[in-house]
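Here chain A shows up in two complexes: once beside chain B, once beside chain C.
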Partner chain A sequence: MPDSGINILFEGTNFLRLLGGLWVTVRISVVSVLLSILFGIIVGMIMTVRNPVTKALTRVYLDFVRIMPQLVLLFIVYFGVTTAFNVNLSGEVSAVIVFTFWGTAEMGDLVRGALLSVPKHQYESGEAIGLSGLQIYRYIIIPQTVRRLIPLAINLTTRMIKTTSLVTLIGVIEVLKVGQQIIETSRFTYPSASLWIYAIVFFLYFLVCYPISRLAKGLEKKWQN
Partner chain B sequence: MAELRCGILSDVLLEIKHLKKSFGDTEVLRDLSLDVHTGEVIVVIGPSGCGKSTFLRCLNGLEKVQGGEIRLKGNLITGSKTDWQKVRQQIGMVFQSYDLFPNMTVLQNLTLGPVKVQKRSREEAAETARKLLARVGLAEKENAFPRELSGGQKQRAAIVRALILNPEIILFDEVTAALDPEMVREVLDVILELAKSGSTMVIVTHEMQFARAVADRVVFIDGGEIVETSPPEEFFTNPKTERARKFLNMFQFDKRKEEP
Partner chain C sequence: MKKFIRQLSLAFTFIVLAGALTACKGGASQSGTAAKANGAARTLSEIKSSGKVIIGVFSDKKPFGYVDSNGQYQGYDIYFGNRIAKDLGVKPQYVSVEAASRVEYAQTGKADIILANFTVTKERAEKVDFAEPYMKVALGVVSPTKAPITDVSQLKGKTLIVAKGTTAETYFTSNAPDVKLVKFDQYTEAYNALLDGRGDAFSTDNTEVLAWAKEHQGFTVGIKTLGNADTIAPAVQKGNKELLDWINNEINSLAKENFFHKDFAETLAPVYGNDVSADSLVVEGGKVS
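After this line comes the complex of A and B, so read on.
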């Protein structure tokens, strides 16, 4: 049998299965990213509070998340927490928990940076023309913070999407795992399958991440200054 | 003094009595009293860190005072119940770093206060803004963003942002200190023009020539207290106090070579 590996895509429902896997990847990412943004904004605001206790706590949280490999966090939650507390978490839920835990810390740090990068004088100028605290936030601080934040948040999103490939290791069947399964089942019919399948997986990640990354660049350019 | 120059005794607009301000244990303003009359231009000078900027910031509530009182047209504004949002519409302030809002055009910067705080109509606010922009030579810039303006243009726009609220008095906090030398003039000219049109102003500045030209009274602050208050000519030619003389001498240079 001639080995034209690309045909493997059209065997059975292979391509659809890959897309199905991609959907799992996207689903985990989207839920984690949305939750991270929500909690990250709150954590970021807490980080700017001048209180030694909250400062220390958020600092430890951020450092912990940055030092720990995401894979270890996934194992802790999926294998550790479930046995220790005798709860049953699916791989996908564990993944969302870990990625939200991680994303919240990173997003919080971005929000903190964006809030602090608005000079104190912007608040005072607002006060000096008689605006209320709420009006200062609404018309001056939030618009400036959001502009600084969105490109950074989008970059974080693409990082999170890429990192979801780790969830195969706690048994979640996402796009990469589907690819491996296809390669293994057709080891003999299509010996060069791995090249094609991984190329396709690469392409699918690219398809998801590239537009997002372009968007970040575009917004960054548009909002310079 | 203003009342002498005008020949009549004008009203006291801002009355500052025994003002005290400290940051922690550091006393910044010890016991500061000053009356500002309607239409008067007060220039505050003094060495860095003498408390002159803090003094201005106390006047519109950006700093809380620890003692003494400030009255605006007879009304106490240093009490705990002061509605600073109201007071600040009457006491405008322009800062050293201009601080236009970078997310808005010049026109939006100017109309934000009138529309959102004073509830004036957008059309009227925009029309007034355009008139004032023309007056400071920025008629073409209403749709520009702050980043597209030079430092001098930004500062002139910031002055208009304070003016458009029709304040009773405007405070200028070293408004030319962050500018390149060639842009200082255009900003000072705007302030001079305001002085001529009768605006009441308290100006903190290091531009001595300008102080001499614009002031009705020069107030010299050192070490958190008013050391001397004099008409400008007198202050610059014949200061009453030794401290003022020392300060003014810092701006003099001796010639390196003797004249032949």
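After this line comes the complex of A and C, so read on.
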């Protein structure tokens, strides 16, 4: 009997389950990414303040997030918070908190870098032609910052989407876990299923990430002129 | 300008804090039905009145705990879980756990009972309370038929694949330090590593490797029993005596109907065929023969 692993997709509700898993992945990433961008811009601005206390605090925050594996953070929030603060968070809420916490730090650093990369004479030129502080930001600094930020932010976004596969460790069943469940269940009937399922999971991730990078490319092009 | 940023950052800090606080509250109330907020285990009456018992199981460990093509949990552990729920008069709600997160699920009360092929060890017994066993296993080592590993001494200097948080990891770390270990979070990854030749052999519970080797040509279980025969038992949060006693009673009374032999026939026999006899795996009434 020819063993065509692709058949496994059409057995039962397998394909729907994969899509359901993808929806969980997308839901967690979209919420986390949007929150990260929002908070990241704020944190990034705070990072540029030349106050030693602020500097130290943001530095500690960023380094903490960078050093800690995301998995550890997930465990701390999902299991640790329950015992420490009497708050019972669901897996998905914990995931959003951790990914926002991580994304905000990374995004904040990107925003900081982008803000500082605008040369000082841009501010000075703005003042020279009599713009107010707010106007300098609105018409000179922010447009330049955003342009520098887009490629980096997109990179971070797609990285976050892919890292969400860790949430299966705290009981959230996302697309990769559904894929593994299907592979395990069918390993007796379709030994080649893993290849097919992983290919489909790859394709699903691609479906999510590709439009984002297209959008970024489009924006970059538009703003070049 | 600097002043403007400073004011802005101050204002935003407050907004963020306020937002984070409300977000936490919202999240907590949404999931409030799943478990008690303070991480304490639910009592028997709380489980009964909530109408469902939360059971932590594997979702990718056929034939013990897995999800079938219709998205339903199935397997030896689930067969038992369904019976527990039925006798409690509630519905089972299964949550998917990983080998590395089982203890935490019980500790924090995120699951009432763990039925995830949980081998009883001293270290684990300090963190969770185990009920009477319902199965027994030893370690097994599966390797390619071309280069079979039939004795632990053959592994010296070779690479052995293990899954994190399993008894195999502990056994080889303390008993065979000269074996190189490659560790994976998930069984699926571990098996793929073995298939790709990223290790010379893979060790985990013998039940698991026997089932797997039977379905994969070119692989053989060279070592069928290794280490002490361990038992597999349900686990609950430490100190949840009421639920623990209930489960022990349940296991004892199920012995009268040879429940676990039936379970074996339904879920394990189709996988092991004639290679393994029911009595070599099944424990009835908590008594290991």
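Here, the second predicted complex is superposed on the first by the 211 of 225 C-alpha atoms of A that agree within 3 Å, B and C clash if a C-alpha of one lies under 4 Å from a C-alpha of the other, contacts with A are read in each partner's own complex, and residues count from 1 in each chain.
Convention: contacts are C-beta pairs under 8 Å (C-beta built on N, C-alpha and C of every residue); 3 or more make two chains touch, one makes a residue touch a chain.
As the structure is a computational prediction, the values presented were derived from the model and not from experiment.
Of the two partner chains placed by the overlay, only chain C lies in contact with A:Ile42; chain B stays clear of it. Of the two partner chains placed by the overlay, only chain B lies in contact with A:Ile140; chain C stays clear of it. Once the two complexes are laid over each other on the shared chain, residue contacts for A:Lys177 go to chain C alone; chain B is not touched.
Of the two partner chains, chain B is the only one that A:Leu131 touches; chain C does not reach it.
Looking at the shared chain after the overlay, A:Gln122 reaches chain B, while chain C stays out of its contact range. Contacts of A:Thr168 after superposition: chain C is touched, whereas chain B is not reached. Counted by residues of chain A touched, the larger count belongs to C, out of chain B and chain C.
The intersection of chain A residues touching chain B with those touching chain C, taken from the two complexes, is empty.
By the touch criterion stated above, chain B contacts chain A in their complex at residues 60-62, 84-86, 88-89, 92-93, 95, 97, 99-104, 112-113, 116-118, 145, 147, 158, 161-162, 165.
Residues of chain C that touch chain A in their complex: 1-2, 4-6, 8-9, 12-13, 16, 23-24, 27-28, 30-32, 34-39, 59-62, 66-71, 95-98, 100-101, 104-105, 107-110, 185-188, 192, 212, 215-216, 271. Chain contact summary for the complex, chain A toward chain B: residues 119, 121-122, 124-132, 135, 139-140, 143-144, 147, 225. Across the complex, chain A meets chain C through its residues 8, 11-14, 17, 39, 42, 45-46, 48-51, 54, 75, 78-79, 82-83, 86-90, 93, 97, 123, 133-134, 136, 168-171, 173, 177, 180-188, 191, 194.
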